[in-house]
Every structure is written in C-alpha cells, then in structure tokens.
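Note that subunit A is present in both complexes that follow, paired respectively with subunit B and with subunit C.
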Partner chain A sequence: MNAILDWAIHFATLCFALSMVFGTVRLIIGPAAPDRVLALDAVYINGMLGALVLGIRFGTTVYFDIALLIGLFGFVGATAMAKFLLRGEVIEP
Partner chain B sequence: MNGAELSPWIALPAAALLVLGGLLGLLGALGLLRLSDFYARIHAPTLANTLGAGCVLIASILVSSAIAERPVVHEVLITLCVILSSPVTAMLLMRAAVYRDR
Partner chain C sequence: MSLLAIILLPFLGSLCAAFMPANARNVEAWLAGTAALATTVLVASLYGDIQAEGVLRASVPWAPSLGLEFSLRMDGFAWVFALLVAAMGTLVVLYARYYMSPEDPVPRFFSFFLAFMGAMLGVVLSGNLIQLAMFWELTSLASFMLIAYWNHRVDARRGARMALTVTATGGLALLAGMLILGHIAGSYDLDVVLQAGDTIRAHAWYPAALALVVLGALTKSAQFPFHFWLPHAMAAPTPVSAYLHSATMVKAGVFLLARLWPVLAGTEAWFWIVGSAGLLSLVVGAYLALFQRDMKGVLAYSTISHLGLITLLLGMNSPLALVAAVFHIINHATFKASLFMAAGIVDHETGTRDMTRLSGLYRAMPITATLALVAAASMAGVPLLNGFLSKEMFFAETVFIDRPDFQRLGLPMAATLAGMFSVAYSLRFIHCVFFGRPARDLPRAPHEPPGWMLAPSALLVFACLLVGMFPAHTIGPFLAVATQSILGASTPEYSLAIWHGFNLPLMMSLAALAGGIVLYQLLLRRRADTVPLLERLDGKRAFDFVQTALSTGSERLLRILVSRRLQVQLLLIVVFALAAVLLPLTADRAGWTLASPGLPDPAFALLWLVGGACALGTAYKAKRHRLAALVLSGGTGLATCLTFAWFSAPDLALTQLTVEVVTVVLLLLGLRWLPRRNDASAPDIPTSTRLRRWRDRSIALLAGGGLGSLAYIVLTRPAGEGISPFFLEQALPLGGGLNVVNVILVDFRGFDTLGEITVLGIVALTVYALLRRFRPAPESMELTQQQQEHSAPPPDTDAVLPPGPMAVPAVLVRLLMPLALLVSLYFLLRGHNAPGGGFVGGLVLATTVILQYIVGGTVWVESRSRLHPPHWIALGLLAAAAAGCGAWLASLPFLTSLAWHGSLPLVGELHISTVLLFDIGVYMLVVGATVLMLVALAHQSLRAHHRKPARAGEE
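Let's turn to the complex of A and B:
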C-alpha cells in the first residue's frame, strides 16, 4: 500500500516543480509589474507545498518549519511589493 | 518511505489528496502562464493557494499523525497563515493593477 503513496508523492513533487517552472516563465516574460509580483507569489506558494510534500516523503518535521517560514516570508514580500506598486512607498510616515 | 507500517486507511486517502493537490497546483500555474489578461490571470493561482494547499496540508496531517501515532495538527498553522494572507495579497495586487491602469 505504501507503493501507491510513494507514487503519489513523486507525482506531487513533479507537479509542484513544473508549477514553479511555469511561474518562473511568467515572472520573466510578465508584461507589467503586477504580473511579476503575482508570479512570485505563486512560485512561493508552490515551493511551500513542495517542501510539505518532501516532509511527507522523508517523515521529518524539519520541512514543516521550512514551509512555515516560506509562507510567512512570501506573504510579507508579496504584500510589500504590492504596496510599493500601489503607493510608491512601502512604509508611509 | 519511512518503513512499511502505514495502514491502507491512511495511505490511500493521503495518496488521493496528494495527487489532487498536485493537479490543482499544476492547473493554477498553467492558468497563470496561459491566460491572456492580468485580470484573468489573477484568478488562476488562487486555486493552487486555497484548494491545493488544503489538500496537501490534510495529507500531511494524516501521514504525520499516523507516523507519530497521535494527532499532529501543527499544519493547521500553515493553513491559517495561507488562508489569512492569500486574499490580502490578491486584493492589494488587484488594487495596484487598477490604480496603474487608470
């Protein structure tokens, strides 16, 4: 029964890696700045999910901490860049 | 994998949730790559953000609870973080795009 789970883990890892590749392509060719920020946010989320799948694969909780940090920093980075695009300044006096 | 002790009642739902989450993430990234407009493009990764992340997190909760033989629910932290932060980012990006298009 573990063969099915192993196959599913490999499939999910492949899917998230391919999603990160697609997001990177959009990050490079994106016509405007909001496209690039959106693509960076998508790459962050997909990387976080890939780290979680690796945590299932190896059975440790280290990858959970990595995923939590990636999620937090992805949110902070995307919000700061969106605020910069909106107002031209991140922290207003 | 970590030994051969996972029962089918854990392994089968976890495998199904992982495949579903991977397909949803791939679908979101494909929409991000292929859609034509920014206002259409912003819809695609929300699928990966909410449903795909939920599927993978439930699978992770199942497997780590089965390995530790007790309920392990610290993945709920990531769920809360993603659910709270994803609409905020989408709303700010949308407002920035509308502001820059005017």
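Let's turn to the complex of A and C:
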C-alpha cells in the first residue's frame, strides 16, 4: 500500500512538473498576450496542485496553506493582466 | 559657573532676539544691550578672582564616554580680551540702535550680533583646543551672516562669501593644526598644551602644526596675503565693521597667536613666517590705505596694517614685544572702533562715504569731527594718546631686536615708513572729510547725530585720552595681569611712562610724523585715481581666479571621470564587481572545486527548468515586450515559491507568493504610464554597435555565471557552525513561539523589524507625496486605445455591480473579500507558532483591497468605504512601539516580550504576548503602506480622466 502511494505521489509530482513545463512553453512562445496570461494561470493551477501533493509526500499540513494562498490569489495576477489587456489600465476610475 | 553664564547669556539673548517682531527696534536694542551689559558686568566682576587665583576654570560634561567635556578657562589675558569683547559689544549695540534704519529687519541683526558675541567669548574662554576651533568657525559663520545682512546688495553677498571662504578655509587649517598640537601634547586641554611648549617645539611635526595654526590665524586677522577679504567685508553695516572687523573678530587671529605664544614661538620658523606676514601687512596695508576713496576702505586697510603691526610684534620672539602686542590690541580696538563709528555717522547723516565728495563737515558736525580727530591722532601715533604709547614700544622693539645686521637696519626703517604712511592716511581721513570748503552736492544736508549715537564714540575717545596720559594708572594693572598670564615668571620689566627721554624711538616717531605730513602734501597734488606701484596687487582678482579655476577644473574632471549614461555606469559597476570577486579567487584556488550535488528529483529538476526558462525569457523580452516579460517573471516567481516550499521554508513561500501578486499589480499599474516604445528599429546596425553588444553580452554572461557558480560553491560546501542552532533551541524557551522565523523577526531581532517597518512607512509616504505631483508623459496622458474603442460609462456609485465585462469578476471578488479577511487574520494570529505572521497577513488583506479596486473602479470603491492608509501606517507604528515600550512597565529593556499563559472559562487555554501587539503593528503598517502606494498610482488615471472622484477626499 505504502509503496503504491509512494509511486503515485512521485508520478503525480512528475506529471504536475511536466504540465508546468508545457505551460511554460506556451508562456514563452505566446504568440499573443492572452495566450501567455492563460498559460500563466495554468502554470499557477499546476503549482497549487503540486504543492498539495508535496504536502501528502512530506506529511505536513503546512503545504495546504500554500495551496490555499495560491488558490485565493493565483488568479489575481491573471485577472489584473486580463483587465490590462481588455481596458489598457488595471484600475479604472 | 559665572564663566558658563558669560558664554550662555549672549546666546540666550540671540535666541530671544530671533523671535521678536521685525519692527521691535527699541525692544531689540534693549534686549541686546542688557545681555551685553550683563556679560560685561559679569566679566568685570571676575577681576578680583583673576588677580587672586590666576586661572579660573569651569567644565560641564559633554560626551563623558568619549572623555570630552565643555571646558572653560579664564586667565588674565582671556579676561582682558573677554572684557574688550563684552564692553565693545555694549557700546556698539547702543550705536547700532541709532544707526539701523526703521526699515531694516533688526531681529536678524541683533540675533546674529549676539550670537557672534557668544562665539567670540567662546573662542576667548575655551579651555580645549577643539572647542576653540568650533567657536572659531562659529564666529566665521556669524560674520558671514552679518556681512550679508543687507542681502539685496550684490557687494554684500559677494563680500560675505569671500570672507567666509577665506576664514573658514583658515578655520579648517586651524582645526588640523589643533589636532596635531593635541596629538603631540597628548591632550587637547589648553593647560596641558601650554605646559608642553618644549616638547612641541622639538617635535618633528612642529613645522606642520605651526604652518596650519598660523594659516588659521592669518586668514582670520586678514594678514597678507589673505588680507583682501577685509575691505570687501566693509559692505556690512557699520556697527558690524566697528565690532567684528576692527575690535574683535579680526583680533581672534592675533589672540590665538598670543595665546599659543608660549607653545609655538621662539623658533626661527616662527620668526620668519609670522614676522614677515606681519611686516608685509603693516607696510602694504598702510600704503594701500593712502589711496582709498571710501572712508571705511581707509579704515579697513589701516586695520590690516595695525594687525600687521601686532603680528610682527608677536613674531619677534621677545617677551617685551609680546607686551607691546597685547597693549596695541587694546589700543587699536578703542581708536579704530570709534573711527568706524565716526565713518558710520558721516555716512548716516550725509548719505555718502566717498572722500572725494565729502568736505568741510566740521562746521555741520563739530562734535563728531572733534572725536574723529582725536581718534585719528591716536591712530597716527600722536603723543599723549594711547596709540602713541604702543607705537613707541613697537619702535623700540624694532631698534633693539637682536638679529643679524640687515634685519637690524631694515626693521626700524620699515617701521618708520609704515608710521609715515599711517600719519598720512590719518591726516587725509580727517582733513579730507572734515576740513576745507563745505561740500555742496551731498545726498543729505549734514547735521549732528542724536546724542546717544555719539556717546559710544565719545567714551572710546575718552579712553584713548585717559590711557594716553595716565597709562600706568589706567591700563597698567590690566596689562600686567594679561601679560603675566601668558609669560608667567619670564614677564619682563617694562615702563608705561610717556617720556623716556630723547632716544631713537622718539626720533622715529617724530620722523614718521614729519614724513607723514610731507607725504600728504605730495599726495594732495596728485590727480590720478589709481594706486601707484601696487596697482596689480589685487587679492580679489587672485581669489576669483582661484575660484573659477577650481570650479572649471572640477567640471573638467567630472567630464572625464563621470558619465551620465546608465550603460556606462552599469558597465563600470559590473566590471569592477567582477574584478573584486575574481582577485581573491585567483589568490586562493582551494575553494574552486565544484562538488556534484548528486541527481536531483526529476520533478524538482523540471520545476527549475520552468523557473530558469521563465527568467531567461523575462530578460529577453524585457526590452520590447514589457507585458510578456511581466507574465514570464510571474512564472519565475512561482518556481521560486515552490522551491522554498520544497525545502521546507513555508514562511518564505507564503511571503514570496503574496509579494509576487502585489508586484504584478504594481508593475501593471506603472506600465500604463510608460510611454510606448518606438519599435521602428534600424535594419542595419553598425559594426561598432554590434561589437559593443557582444562585449556587454560576454561581460553579463561572465558576471552572471560567476555569481551563480559562487553561490553554488558556497551552497555545496559543508555549512559552518552558524548561529541557527541557537535560534532553533531558544525560540520556545526565550521567545515563547514555535515558528522560529517569526520569533526571530518579532522578538530576537524586533528592533531591526521596528526599523524596517519605519522605513517602509517612510517610503510609502514618500511615494505618495511624489505621485501627488507626478505628471505623466504627454503621450500617455490620453485614454488608452481600448478605452477609446469602447468608452466606459461614467462610474455609477449607486450601481450594485459595475456594468460591462467586470460584472462577473466583481461578484466573485466580493465573495472573496470576507474569506480573504479571515485568512489574513488567521495568518496574523497563528504566526507565532506556525507559518504566517503580520507581514503575510497584511499583504493578503492589501491584495483583496486592491482587487476590489480592480473590479469595481476607484470611484465605486471609495464611495463605499474609504480606508485611510496613512492612519493604518501611523497606528501600526504606534502599536509596534507600544509593544516595545510595554516592557518598560516591567522595568525590562525596550522590546522585551511579555507573555501571559493561562486558561479562561469558555475560551480555554490562552497565550497572550506583547509580541502579538508588535505583529499587529507590522500587519497594519504593511496594509497601509501597500494600499497607499498602489492606490496613489491608481489615482493617476483618475486625474488623467479629469473627473472628480465622487466622495474621495484626494486633493
């Protein structure tokens, strides 16, 4: 059982890392700005999930806080950028 | 203690005078007069003590840990000088009351006047060399302010600047000289230094100390070749000239030479440096005084000449000459101040000081003329006046000096020549102004001034007469006290009699008188308005030349050494940093080995691949695609955050994450105001540019690679015995917390944190203040492209949801608000024992607030509720400081944490600590600072849109 969990955890971590890499590829090549913003959001989601898996792996709840914070605010950057692309200005009057 | 009062009284008076209304002429004069008179009485009352004890001392601890104390010392010489300064001050205040016009801002005048008096008394009474130098500089500053009193006049400003430059430069030299003297003597205490004369004269550094101290003294006393500032200082009001530039400040130089006479004098170097400066000033000053048109100009050059006489006497290395010098210091002060007052009266009553226009004033102002006549006769050295006595002593010294032949012959001849000049210019001063036919075209009809204006001058002239006729009974005892305090046991016998019989000095006096009269007759025939022979000797021109040369030279040097271009500066910094790191590495190659870290976790390797790629991408895109670079940097930030998490540093991970979010918003806000880049790049880049780029690229690679490998080497080496075990072990027992990072921040190094949050608050307020006045580039002032295409409706403060694309996010973000508030408080409260703390919590709250601004718009949010970020900053600082001060209640040092651990009904076990209050302070400050800065940026667009915010109190 433990061996399976171990394997699964490692596999999951690797998968999240790989998906972050793919997200990064999009992040770099673009081509358009919205593509990049979306890619960043995807990378953040993967990062959050990776943090959760790390929490299981190291057996501590601290990582859930990190995941919580990414969950709460990971989208702020993307939102701000989206607003910037949409209106040319983050905070309008 | 009365010594201290002597110094403090004028300064206190100065402070009071500064805060009086501008038209309080009489009150000011009464105040200054009372302060000066009280000081005079205080000084005079000490005469008995001085006679009995010799030296009075008083000291107040200043910086006891450095062994520094404010020490005052008064001996006979200092007493005479202090009395001179105080009494002359009293007389000049009385004179100034009538001289200053009602339009002049008198508080400034009397305030600086009294401040100068205090500083001068400080110079005279200092018992410590460094303290003396400090008061010395204070007199220079006060003199600067007083010369520039009529600051609307160009000549006043220029004269003041020149005087300050010369005397302050001298003051610096003096300080250096004092440091050397103190170093040789082993103490800066004047008593110790005065005892160490033999040691100092034998020391290898004696010439340097001598040169520096003499430089200070000569510049202050306007001695050749630094004399040129004094005539230009005559732009000052006449009371200032009478007080500072004849009686007191310029005497500070000769005072110092006499003060240090037992220490520095007695060598060949002293004779040649001091003596020749004195002799040149004596002759050249008297010669130039002959050709001045301005009455005060004559007096200024005559002052240079008389100070030269004193300097020469001091330079003669003979005790008798020293007695004559001290005597002449007193005499010169009396007759010269009274002459300055006469010049001021003439200027005041006729409107001009030009001697070619003035004539025959005797009829209009007989009393003034008589007083000036007597004072000028004393200046010329006419018998039965005090000037005659000291001049006679001077002549005697030149005759009986024990030097090789040509000096024995030359000195008396030069002295007689200077005496002739002196008689001639005194004669001219009186004859030209007061006699002859009455002048016609004067600006004002001359008449006698008010009686009180004449009184000070009359008193001084009376003193001249009294001392001149009964020297032994009037000045004798004081002179004895003064000279004895300098010379001690080696005080020579001298006689103050008027009649010494027909001897050589008397012949010289008579020759000077006769020669002076003849010279004046010759001078009357002369028509030309120039100075013969010494026309080209102009110190002002040399001064200007040196000043111009200095500024152009430094500009040239700056042009060679400094670049305004950022690229060059960066290049230099990076290359030097590279070299600085490489140098020690080439010397010691032991640490060069790159240990293999072993194979990392593949997932971790991928994470770093992501981070590295994003970082490189950021750098690549930063120039042309700012938004893309910003997005990519977000990827790097996430990778960093996860790396912290991986290596079990959750605190860092949390902080990194929140900082990342706020940074993105901040940069996006700023991006709006950056002007658009001109992307039309030239297709063919010149070879030189290509080469330069390759050079920069390789330097960047070298530096970056070097830094990376350095970090790698350090990280892969076995860690030394650091301080971390201490913190890990002591966090719970000493700090009462499980989260070591937080305990360090708020407890072990709480003082650091307090400083940091203070700086953060200052920075936030500064950014706010700067942005209030910031005007963006014109091309970014207009609406953005998107806003022009789809113009937004005007902000509606009553709407529940903003119209348009932001409606859905607005709903979500509003739901987020209470949740995020809860999370932020949770992080704050648990911070002491688990990851979190005030900083992270504060950033979380600040982020939610900013989110509301993003989706709702500035006007909408601020019509609902308005945070007052400055209040948050203030309260946060207060809370943190209160937490620190709380420890005082338990009589513990600042910022010691106090904790209470117990249990309450219903609530259960509870742990309350002042550390929490401190953390709340951090929390509030972070919220305030972050929101203040971001919202200040957001308000830029509010202004650009030229719409008034609905209820915002901004501006």
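Definition applied: the second predicted complex is superposed on the first by the 93 of 93 C-alpha atoms of A that agree within 3 Å, B and C clash if a C-alpha of one lies under 4 Å from a C-alpha of the other, contacts with A are read in each partner's own complex, and residues count from 1 in each chain.
Everything below uses one rule, namely that contacts are C-beta pairs under 8 Å (C-beta built on N, C-alpha and C of every residue); 3 or more make two chains touch, one makes a residue touch a chain.
Computed from a predicted structure; not experimentally measured.
Trainee: Mind working out whether A:F16 is in touch with subunit B, subunit C, both or neither, as first, second, both or neither?
Mentor: After superposing on A, A:F16 lies in contact with both subunit B and subunit C.
Trainee: Return first, second, both or neither, reflecting whether A:V37 touches subunit B, subunit C, both chains, or no partner chain.
Mentor: The answer is both, since A:V37 touches subunit B and subunit C.
Trainee: According to the stated criteria, A:F58 is in contact with first (subunit B), second (subunit C), both, or neither; which is it?
Mentor: A:F58 sits against subunit B and subunit C alike.
Trainee: Between subunit B (first) and subunit C (second), which does A:G71 come into contact with in this model arrangement: first, second, both, or neither?
Mentor: Once the two structures are laid over each other on A, A:G71 reaches subunit B alone.
Trainee: Thinking of the overlay built on chain A, is A:K83 touched by subunit B (first), by subunit C (second), by both, or by neither?
Mentor: Once the two structures are laid over each other on A, A:K83 reaches both partners.
Trainee: Which subunit A residues contact subunit B in one complex and subunit C in the other?
Mentor: The answer is residues 13-14, 16, 18, 20, 23, 33, 37, 39, 58, 68, 72, 79, 83, 85-86 of subunit A.
Trainee: Any idea which subunit B residues touch subunit A in the complex?
Mentor: 1-2, 4, 6-8, 11-12, 14-16, 18-19, 21-23, 25-26, 28-30, 32-33, 38, 41-42, 45, 48-49, 52-53, 56-57, 59-60, 63-64, 67, 74-75, 77-78, 81-82, 85-86, 88-89, 92-93, 95-97, 99-100
Trainee: Along subunit A, where are the residues that touch subunit C in the complex?
Mentor: These residues of subunit A touch subunit C: 10, 13-14, 16-18, 20-21, 23-24, 27-28, 30, 33, 36-37, 39-40, 43-44, 47, 50-51, 54, 58, 62-63, 65-66, 68-70, 72-73, 76-77, 79-81, 83-93.
Trainee: If you look only at subunit A, which of its residues touch subunit B in the complex?
Mentor: Against subunit B, the touching part of subunit A is residues 1-2, 4-9, 11-16, 18-20, 22-23, 25-26, 32-35, 37-39, 41-42, 45-46, 48-49, 52-53, 55-59, 61, 64, 67-68, 71-72, 75, 78-79, 82-83, 85-86.
Trainee: Applying the document's contact rule, which stretches of subunit C touch subunit A when the two form their complex?
Mentor: Contacts found on subunit C: 601-604, 606-607, 609-610, 613-614, 617, 627-628, 630-632, 634-635, 638, 641-642, 645-646, 648, 650, 653-654, 657-658, 660-661, 664-665, 668-669, 671-672, 783-787, 792, 795, 805-806, 809, 816, 819-820, 823, 827, 834-836, 844, 847, 850-851, 853-855, 857-859, 937-938, 941-942, 945, 947, 949.
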